[in-house]
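Presented below is the structure to which this report refers.
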Amino acid sequence: MDPLMTDALVIAAQTAFLIVIAPAVVGYVRLIKARLQGRRGATIIQPYRELRKTFRKGMVIAESASWIFHVAPFAIVGATTAAASLAPVVSTVQPADLVGDLFVLAALLMLGTFFLALGGLDPGTAFGGMGSSREMTVAALTEPTIAIAVLTLALTTGSTSLGAITGTVLKTPAYAIGPGHALAFAAFLIALIAETGRLPVDNPSTHLELTMIHEAMILEYSGPYLALIEWAAAVRLTLLLTLAANLFLPWGMATSLVPAALTVGLCAIVVKLAILGLLLALLETRVAKLRLFRVPELLALSFTLALLGAASSFFTK
Amino acid sequence: MEAAFSRITMTAASAMLLLALVVLWRRHAGAYITAFRTQSIALAVTGAVVASYGGASELFFVSFMILVVKGWIVPSVLSGMDAKRQSARELRPLLNTETSLLVSGALAVAAYEISRPLAEVMNLPTRGGLPIALALVFVSLFIVVSRREVIAQIVGFLMLENGIALLALLGAYGVPLIVELGVFLDVLLGVLVMQAVVYQIHDTSAD
Amino acid sequence: MDLMVVLALLTPPFAAGVLALGVRRAPARVAWLNVLTMPISLVAAGAIAVRLATGGTPVVVGEVWRIDALSALLAVLIASVATLAVALGPGTAREEHSQAAEIRTFRIYVNLFAFTMLVAVSTVNLGLMWVAIEATTVTSALLIPLHRTKASVDASWKYLLIGSVGIALAFTGTVLAYVDVAATGVDINVALHWTALREAATALHPQVARLAFVFLLVGFGTKAGLAPTHTWLPDAHSEAPSPLSAMMSGVLLAVALYAVARWKVIVDVAVGSVFTDSLLIVVGLATLAVGSLSLLSQTHFKRLLAFSSIEHMGLACFGLALGPLGTFAALLHLTGHALAKSTTFLLSGRVLHRFGSGTISATRGLLATAPKTAVLIAAGMFALGGLPPFGLFLSEILIVKAGWAAGHPLLTTAVLILLLIAFGSLLVQLHRMLFGEPPTGIAQGERASGAVLLLSVPVVLLAWLGLSIPAPLQMLLSKAVMVIRP
Amino acid sequence: MLGAFALGAVAALVLPLGAFVRRTALVFAAIGSACALALSVSVLRAGATWTGRWDNLLQPLGGVSLRLDSLGAFFLLIIGFTGLPASLFAIGYLKQIDRHMRSRATHTLFNVFLASMCMVTCADNGGTFLFAWEVMAVASYLLVISDPEQRDAPTAGLWYAVMTHAGFLALLAGFIILAQGGSWEFPALHSASTLLAPRARGAVFVLMAAAFGSKAGLVPLHVWLPRAHPAAPSHVSALMSAAMVNLGVYGLVRLVFDLLPPGPPWWGGLLLGIGVITALTGVLYCVAETHLKRVLAYSTVENLGLVFIGLGFALLMRGYGYGPLASMGLVAALLHTLNHAAFKCLLFLAAGSVVHRTRNVSMEMFGGLIKRMPATAMLSLVGTLALAGLPPLNGFPSEWLTFQVLVAGAQRTAPALAILLPLALAGVALVAGLAALSGVRLFGITFLALPRSTGAQHAQESTWMMVLAMAIPAVACVVLGVAPASVIPQLSRIASDLGQPTGPLSAGLALSVPLVASRMWAAMIAAVAVSAGVAAALVVRISGRDRPVRVGAAWNCGRIIQSARSEYTAAAFAEPLKRVFTGFYRPMQEVTIDVHPTSRYFVRSIRLRADLAPWMDEVVYGPLVRATRGVSDRMRQLHSGSIHFYLALLPGALLLLFVISRWIR
């Protein structure tokens, strides 16, 4: 097969893999949290059942909603899938580098949030407005952290495209241990929590008006639309976890498209996701939700960490 | 003969300067008008003397004009103005007399200092009178500035004109005739217009 | 032939003045007749200017008259502004109901005023020039209290006294120079001729020449509204009837500056131009500062225009001191200023008549009540502010350019800042007049559009001057610069 | 081109009042902009330069000489490209003022404004540039104050006129120092500037950068922009925002890359710093404002800040001698200028049609317009996505390029920049995030949910002409968004024309920055996103044919009637951000509680008035205004009118001049 086809195949495979295991990752995190809280917890594949159920349900659309309400879920899915297609899952040989880099990925995620916020505003309820306003504020404040994290990676590895970063870090592990990467990793994790609405920033499992950010926007959605949005949110979480894993701890990724190396890469990514999921669940059981107007302080902390990372990688270069 | 001529012009000039000081010293409008009239006559006399000595024939006509216009017509106009105002009350000047006289003394010295280079240039016998003429110009300027009443200001202005005429007379035996006539016309018209405006001031301020 | 042209230039205003003096009965008809006489002298002045622009020799008649490029330029300005003022003065406009006596006094003195200015500009004898300028004070003083208000009488007395005393100082300067020249043995009755003086100037004693120029600058500066001696100008120009203040602001100040320029040439030959330039710069800057800084807090719009004249005179005086380029710019500035200021004053007369009181706060909503007049006033104010389509924009750039070239970067920066303050203040005041709710009871709509049409002619001329200076004017200006800076 | 505008102006002046004047004058304006577009494209493509010279005009300033090179052509392209839709929009928009005398003035001035902007881009000597610059200022000032309904238009016009005049005088001083008495032709200035002393060169740079910065709305010289743009009629503010502010950028690029020799790095550092501050201030106010057009005006300030970050970066790199990086910075800046012109023109026209239809300006009064003005809403969504800098639209490529350029710069350069560039990058990222927030707020509050006022209730769609006018820039936004690489070759040729070594910036269809080995293939990204979205839609459509879809009331904590009062308002939307940046906003909050007369505990009503006064104007300009007013009052007291004081000045002047004459030797 000519190289173009293989590239397309590799990208499609990686994206499909991410999309498929996304609900499982969410289920896994919920299971670990339940076990840590001494509950039995539902199985890992419970989210699949929920998605199938909501997918079959009828839909209730608000009167005041316009066509934006109908288009938003598809836009979110589109944006998140495009973002997922850029992510390096198993191999450092990343054909998607020709298409985009980390900034593009961040912008696509922001596009998803943009349409989610619009979908929240459209029905004209107080919750929708509150959710989208808070979601956009948090998203806006995480942008600098992501940018500086990318800068740190670019300073040490010389490029902002994902394949190049993972490849160089894999080749010279000294980078990964250096202060720059460590600080950037911590900052990236905090940004991840804020972006995906995990605990200290936003409680994913609550419907309490005052505390929910992400949930408030999708309050009006039902049926297949709700399923798509939930699925996209799951893909978003998995995507960010994969990025956290592969950009900062790329060990085990395949350096060539040989099937053997790919399978090793596959197992490596699953293991890493498991560890990170465990870490996330542990964090969520330990820490309580921050008041909304304390969240910017958390984001300021992550920004300073990233800046220190950038500065340190500058001087140790 | 030349020494006598220059001494005469010097005495006439200093007489005119003294008359200017009278305005600073006295308080009544009538005194101002008589001072001005005598000053104009003194100017006419100087003119005649210079005309006779310098041999400039048209200067005679000019000094006659000075006698007629500044010696007779203008003072009569002024006294007409003063009579119309009937209030012969004492006129309070801006500065008291002592300071006025001191200031005019200082001005005379300044005039003398300023006109020193002028004397070097001059070769006419009337060189000596120049600083006095300039002093007269400065003192009359001071009169116009420091006096509160309208009559005093007009007299000050007319004395200023006399000072300049004296300067011209002593400096270069008078400016060309056509300019001299123009100056007379201006002075006459000026006084008439001042009179008209002063009457209007009284009309508007009275009602 | 020269005699004919000079007669055509001078006699019309004089004859009209005497006619108005003689005929008592029908002042309105006299006014209309007067409107016909003034253009004759305008045409004559134009003819002289064109002749000089196309390389002709100065018009010399006998011992008294000599019109060179500089005088021709001034003559054209005087004649054109006088024609405007005479055409729009009392007695011609239909809806103005001023009494017969007022029309008669106006007609007499306005024409004499124009005549004296034309004489001042066209005579070669500097003594006669002084006499003519003194005569301008006398002839215009009686016109200021035309409307018999206490303030106008007071203003006229101030104008008369300060003007006469100032001019007397100028005469002292003239006499000092004359004494100096006579001492060098020049033939007496031609000693005060400008041409003779220029030749004899090399023999002048430097000290005396400096002293004389100080007196002359203060004397004629009073008439030109230059810095410390400008105090009479705001009262006189704001109280005078607008046609008169248009002539005074537009050209009388320029004539006084012309006299300073004439004497500057002579003193430059005697002492070198550094002395006169420095004095002119000091006085010019002081005037510009006084003019531009006091614009913001004015409450009457005619006083605002008076202070703007002071500002522009300061700029022109500053320009005169900056070598040939600066002189060219200064003369262009005087031309532009004459047009712009006279139109704005005449328009402000109409506004004063319409709104009753001269205060800016009382003339709100002008754009709503009289749109055409408002647009013309706005155009005039823009011209005075130095905005592009109008001539003053070019001259201001040239003056600043000349200032820098003449080696005064700091002073020119100060000029730039002052120009900015002046522009801002003018605009603020204009906005107070144009916008807002017009006070109740003010007649709406435009009237006497004939006058508005006539007044749009100078505005169009100004715009044309701003875009491209016509060739004859360009030649005339450069020849006039040759007169001042040989 | 200029002929067409002249014809338009004359037509507006001469023709009788009524619809005919409007149509002909604005059609001429459209034709003029079209030929401006054609001329600039021909010059850009062919690389030749168009010259014109009229020596009988403006002789004292050295005659009018015009030369259009690639840089000028690029900005001329923007003017033509935004002038066309603006004129077409105006044909529909200005129908109601036909009868009024004002319509004649507005149409003439509109043509003069367009003509003067075109002249600025192709001016080839200082005189013509200054003349065109000031005519542009006067025409736009008159247009700003031409709308009598706008109560605060005169004061806005005042701020604008005085600030632009100050800028003009700074420009004049700059040109004079640059020319050192020589000729003012640009090639002559180019050669004369080499022998200019470094200190003088610095002075010229600061003076002219201040003038161009004030036109481009750099903080603290930006205060006129949020006042003037909302006051002007929409088609004029569209032109001002999309075309006129860019001339400030044009002037600076012409000065720094063409007239002056390469300067020290602090030039770039200064511009970069000011650019970041401007972008942040712009976006923070853009998020907090409630007046629709003022939101867009502040977003112009923000985007111009981004452009100046690119420019500042380019100058910084040139100062340190990294040629290719400098040209990449310049290309990023020019690309963002082009993109900004496109989406800002679209948004201002959309805002114009919204304000025109709803008879209201505050965003708090809009809502639910997407159902009543579908076309405008659709086009505004395109504009808002571009404003927010999100992938499918053209806002993203230039932002991405700016990110890449900053990252590439951070890698290469001296440690001194280790602090400045990361901070700049963080600033740009924060601005991008907040721009997204302002985009959601702008579109969401204006178009979605329920109408908040009767005006919004009865709004109908604008006329087809206005929609067509909005469609042109919208198409441009999409094309530039999907295929940005098509424009890069022209932009890098401009950079090379200005003597900058060009770094290879585009490969095939994608934007690529070789130094950082990163690429952005916009078309592919859009394709993947759209295909995934369509696939999901198909799946939902096929599997759920029999699924019941019911329309019900939205859940509002059990409230029965669905009213607009429970919706989030524009101010509420920005509330979390105001809380985060209270230091910057310094919001003024005034709560009045009306208590029942009988006892303190029964509250009848509570009124809250929250206002957002831009403190920056007061801090910077307050003292200046007060000082001038104080000096002027004291000067007025000086002319107290006592004749003695006046007379005393005469001998005083005599004495003063006599002392000075003795002192001068």
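Order of writing sets the labels: A, B, C and D. Residues in every chain begin at 1.
Rule of thumb we're sticking to: contacts are C-beta pairs under 8 Å (C-beta built on N, C-alpha and C of every residue); 3 or more make two chains touch, one makes a residue touch a chain.
Just so it is clear, the model here is predicted, and its values are computed rather than measured.
The busiest chain interface, judged by C-beta pairs in contact, is A-D. Centrality by Cα centroid goes to chain D.
Computed centre separation for the pair chain C/chain D is 44 angstrom, with centres defined by C-alpha atoms.
Averaged C-alpha coordinates put the centre of chain A at 103 Å from the centre of chain B. Separating the CA-averaged centres of chain A and chain D is a span of 35 Å. Chain B and chain D have Cα centroids separated by 71 Å. The residues of chain D that reach two or more other chains are 647, 650, 658, listed in rising order. Across the assembly, chain B contributes 114, 141, 144 as residues in contact with two or more other chains. Shared interface positions of chain C, i.e. residues touching 2 or more other chains, are given as 154, 157, 161, 165, 169, 211.
If you check the complex, the residues on chain D that touch chain A are 367-368, 370-371, 377, 381, 385, 388-392, 396, 399-400, 403-404, 407, 410-411, 415, 418-419, 422, 425-430, 432-434, 436-437, 439-441, 443-445, 447-450, 510, 516-521, 524-525, 528-534, 536-537, 540, 543-544, 547-557, 562, 564, 566-568, 572-577, 579-580.
The touching residues of chain B, counted against chain D in their complex, run 94, 114, 138, 141-142, 144-146, 148.
Contacts from chain C toward chain B in the complex involve residues 64, 125, 127-128, 130-132, 134-135, 137-138, 141-142, 145, 148-150, 153-154, 156-157, 160-161, 164-165, 168-169, 171-172, 175-176, 178-180, 182-183, 188-189, 191-192, 205, 207-208, 211. Chain B contributes residues 114, 117-118, 120-124, 130, 137, 141, 144, 150, 153, 157, 160-161, 163-164, 167-168, 171-173, 175-179, 182-183, 185-186, 189-190, 193-194, 196-198, 200-201, 204-205 to its touches with chain C in the complex. If you check the complex, the residues on chain D that touch chain C are 56-61, 101, 127, 130-131, 134-135, 138, 145, 154-155, 157-158, 161-162, 165-166, 169, 172-173, 176-177, 181, 628-629, 631-633, 635-636, 638-639, 641, 643, 645-647, 649-650, 652-654, 656-658, 660-661, 664.
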